[in-house]
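Structure first, commentary second.
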Amino acid sequence: MAKYSEDFTAQEMIVVAGSRTLEDNKVVFAGTGLPMVAITLAQLTHGPGIVPVFEAGAVGPELSRGLPLSVGGSRTTYKANYLLGLNSAFELTQRGYADIGFIGGAEIDPYGNLNSTMMGSFPEGYQKPKTRLPGSGGASDMACSCERTIIIMVHEPRRFNEKIDYITSPGYLDGSPNARWRAGMAGQGPHRVITTKAIMGFDDETKRMKLLATLPGETVNSVQEATGFELIIPNDVYEFEPPTVEEIRLIREVIDPLGYFVRKKIKE
Amino acid sequence: MYWTGLSPDEARQYLANKDKSKRDKRVSLKEAVQKFVKDGDNIGIAGFVNGRQPIAIVHEIIRQGRKDLTLSYQSAGLAIEYLAGAMVLDESKNSIKRMELAYWAHEAFGISPLLRYLSERNKVELEDWSNYNMSARFKAGSMGLPFIPCRGPMGSDMLKCNRAVMIDCPFTGRPIMLLPASHPNVALVHVQEADIYGNCRIQGPLFTCPEIAMASAHIIVTCDRLIEHDDMTRFPNRISIPFFSVDAVIEVPFGAYPGNSHGVYYFDEKHIPEFRGACEKFRKGNAEPLKEYYDNYIFGVENTAEFINKIPASQILQVQKSESGIRLDAAYTVLG
Amino acid sequence: MAKYSEDFTAQEMIVVAGSRTLEDNKVVFAGTGLPMVAITLAQLTHGPGIVPVFEAGAVGPELSRGLPLSVGGSRTTYKANYLLGLNSAFELTQRGYADIGFIGGAEIDPYGNLNSTMMGSFPEGYQKPKTRLPGSGGASDMACSCERTIIIMVHEPRRFNEKIDYITSPGYLDGSPNARWRAGMAGQGPHRVITTKAIMGFDDETKRMKLLATLPGETVNSVQEATGFELIIPNDVYEFEPPTVEEIRLIREVIDPLGYFVRKKIKE
Amino acid sequence: MYWTGLSPDEARQYLANKDKSKRDKRVSLKEAVQKFVKDGDNIGIAGFVNGRQPIAIVHEIIRQGRKDLTLSYQSAGLAIEYLAGAMVLDESKNSIKRMELAYWAHEAFGISPLLRYLSERNKVELEDWSNYNMSARFKAGSMGLPFIPCRGPMGSDMLKCNRAVMIDCPFTGRPIMLLPASHPNVALVHVQEADIYGNCRIQGPLFTCPEIAMASAHIIVTCDRLIEHDDMTRFPNRISIPFFSVDAVIEVPFGAYPGNSHGVYYFDEKHIPEFRGACEKFRKGNAEPLKEYYDNYIFGVENTAEFINKIPASQILQVQKSESGIRLDAAYTVLG
């Protein structure tokens, strides 16, 4: 049997890329949706020691009772190693217990700042946005206080903008030296941006987004074209290893057979 | 600085004068809502997204009609969507004036159609916070503190439109955010088990329920089952809300349906899309399905038992069967 | 049988007076020692609905498993209605849940300020006191944040001073109008001082200590003589009803048969 | 502003870099103390007065000898008295430099003789706080906050000699007190049950144990019994300290003796006065009984099992029998 899958969707690819980015034995604070799927996949493959944290209160559960439909749902709690509430989960994070925060957003800028609040003019249009999004939830808390964050996004030009309408979850702010530290944040900021087209990081100096790898079917050009601002393109951009047959099988048969998060069009 | 609900000093004084005796607090849900939910109130909505939301209480509020409400919560789904649906159908009977929120949507079930409908028409005043912000604001309230510090979200645009204050920490010199306490007039809370005095035992994630309850002036509790007081106090470490905070206790089986009540029933994966779908149709211009939903499931029934009776039994059995949550720590006696 | 006991110690009298001062159905935050005994006596007589709170975490227990030797001991927890820790107990108190705080001290001034920290010169002698006392414990927290406080003291001239060496638990501070409110405190301050000789309250205007009742065997003069500052003596000072046979029996046979707190000389 | 132990930023960085994996953390108590308790450390002492004090760990520290310690706690009794006794007997081997405290005495068993002895000779630097102050300082530390507000004790003389700061609340305008977080280098914690990864289940009052543990850079846990991991995670709502905070777990039956370990053993009403009496004699000029006590019960034994073996069996049986605390919520398997 072939090692690599030849039939996978963009959403499946994003989950695989997210999963592979997670190191084993780290504490990973999981946002709702695709991050939960990616963590489950990582636990089932290379990361059995990953300790998931859910903002509603569950810490370190086994994710073997079906895909949670909510970060507060019953399936987040099986054999949990701690189970209080939102305050305790975010306090752990402020304290330094969350190695990784795994979040999404509707819109992102070159410094990894995310918008999940509103499209329209801000602040004038705050009370009457063009499009109202669900709001921060816990994403902005994770963005501030997890030691590093991994961001999952749909890669479309309208979502990647030099200037976003509203900063919900701070990345590197304006990219100036130590901007996060000076703002009072505890965590180090965005580590990776994983999209339907590429894996990106951030330049150490300028804190601007930098292409690291293209996903199967994409090129440096196709990624840049789908990005509403100029990416830093280093010389060593590589092609990301395609999803394996086993990874795709796990997503489809074990983790999200009803396609709650993976087959649907990704929304925020 | 303005306060919605009670100011910290008002909240303290209110509670200091409150009767904290251990007495039977069972009333009907109708009476509880009549007595403790007023037009113009700031209402603390317990639960998290669609987990243990106070659906039964919200349905009763809608039946009675309440106007100019301020809703305070971290992340909510169905409870707010139901109140919003009642508002868009008849604003003269039910209305939301303001929301202090972190997130309103349904996670796996999709975004909130009526958040878009109401906010894009500027029909509700919004104050955005993060989940931790709202949770910590209730926590400050429950601790009797006027504010609580917090490390986020600094640099976010939320700070430009909410009441958070940035200061330099007097100990480290670094910037830190201060969040004003939230003291709702009334908290609406659904739990798995309560006793007749109001002691509550929460199974699974506590969300921000104890904090919301203890920050508020009044608390209405619905529970999936009332249990003997002695069964409650046998495990005092597991009591999440002590009796003296609670004003009214009502046994309402399926009081959080169609959402998840940990250890008792799972999300109804059919009914939530049914309701949400009607809201989405409303947003797109077709009010009829939403009107029918309300006439059938809310206005056409007297209480939650009648609501549940309209759901196919197979769905009810399914939400019980598929619930994977942790069951009770111990045996208990259900009050007859 | 006679209604009143003819054989009781000063410590027993203080417990009886403390007990009778407690209203039924109130939430009473109990300091260690005699307050615990007085609350238990009240629960066994006129106040079965009293809700005791212990700073170590227990709220609303039945005190029927023997006298607690510590406010954190196992006997404070039987059938408790809430049981977390110190933070939760004091947070309840700040919030307004504690109607009464019941505390002791080694030294008191006319405004109900208490010292349980040190005898000697302060601040110069803070690191080398003449006599070092155990420290605040939770008494100062109760004094600030319980709605009212009841103070239990041994009545000796050296313990009642116009100026005390160290304010551990604030009463009415300097007695100036709204001094507590201006200092930022939440509770209303001392309600009663119960000693081995008298029951005292505080003048509404001046906030100075005022004699209310003399205990059996004492007179207005004997109380004033045992007090290191001038008491306000109103015209309606009354004689406190002596301990009943039943009250003394309960203390000796039921509540503290081994004399942990009641027969010993009272110490702080 | 000076920090004892770690500053908030140091504590954050330390923990962010720490290995949080779920691994077997059983070691001997000797090794744990060797590895995690250093001269000059700020040590967070868990328990409350004589309830669940980390006596076994303290005895081992005394045997190994540690100097210039800062001790941080709300209310303590035996643990501090033992360390102080070791200091007064041989200051070159064990010494306390400073204490951040609310209360040191023994409640029903009397005052602390050695607090008087040490402080009246100015042999220990003191920083007085209230019980809530110290509890809230640990809580701020465990929450990752540099400070926490608090409503007391305003107007007390404590504020003149400690690091609390008064500010005007930016929301209400009224004065409020800010307490700096406490981040000890190491927390010493005794609990009833732990698993091999470090998850702890505390029975009865939690005191400030979870906060002290999670505020500290390192945590040594002793437990009356190690239980199966699956028995622990069956009741996740009852886990008070999660595994990733803990560095070392040691099963030490009677690890809090002669104090109270809720649900397992009561105070030894004979042995506590025996030890306290020796301390009182020392204060009054007779060092011999205290020296004998240490030679017999601490230096003359290797570990807690040998210490317990020197106590008459009738006393040990009595403290088990007379313990009225709440027993476990559920069945459990003791690790063999």
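Every chain is named by a letter (A, B, C and D) in the order it is written, and numbering of its residues begins at 1.
Basically, a contact is a pair of C-beta atoms (placed from the backbone, for glycine too) under 8 Å apart; a residue touches a chain by one contact, two chains touch by 3 or more.
Please read these numbers as outputs of a predicted model, since none were measured by experiment.
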| item | value |
| --- | --- |
| Between subunit A and subunit D, centroid-to-centroid distance (C-alpha), Å | 40 |
| Centre distance in Å when subunit A and subunit B are each reduced to the mean of their C-alpha atoms | 28 |
| Residues within subunit A bordering two or more other chains | 58, 77, 83-84, 94, 145, 186 |
| Two or more partner chains touched - positions in subunit D | 144-145, 150-151, 174, 176, 204, 206, 234, 236-237, 326 |
| Touch-based graph of the chains, sorted into line, ring, star, complete or other | other |
| Pairs of chains found to touch, sorted by chain label | A-B, A-D, B-C, B-D, C-D |
| Subunit A to subunit D touching residues, read off their complex | 25-27, 49, 51, 58-61, 77, 79-84, 91-97, 99, 145, 147, 186-187 |
| Residues on subunit A engaged by subunit B in the complex (per definition of touch) | 32-33, 54-58, 65-66, 69-78, 83-87, 90, 94, 113, 117-118, 122-123, 126-141, 143-145, 166-170, 173, 179-180, 182-186, 260-261, 267-268 |
| In the complex with subunit B, residue positions of subunit D that touch it | 1, 7-9, 144-151, 163, 165, 167, 169-172, 174, 176, 178, 180-181, 202-204, 206, 234-238, 326, 329-330 |
| Subunit D to subunit A touching residues, read off their complex | 11-16, 18-22, 141-145, 197, 199, 214, 230, 232-234, 236-237, 239, 242-245 |
| In the complex, subunit B residues that touch subunit A | 48-51, 74-75, 101-105, 107-112, 115-116, 119-122, 125-126, 128-133, 135-136, 139, 150-158, 160-161, 166, 174-177, 204-211, 260, 262-263, 266-267, 269, 323-326 |
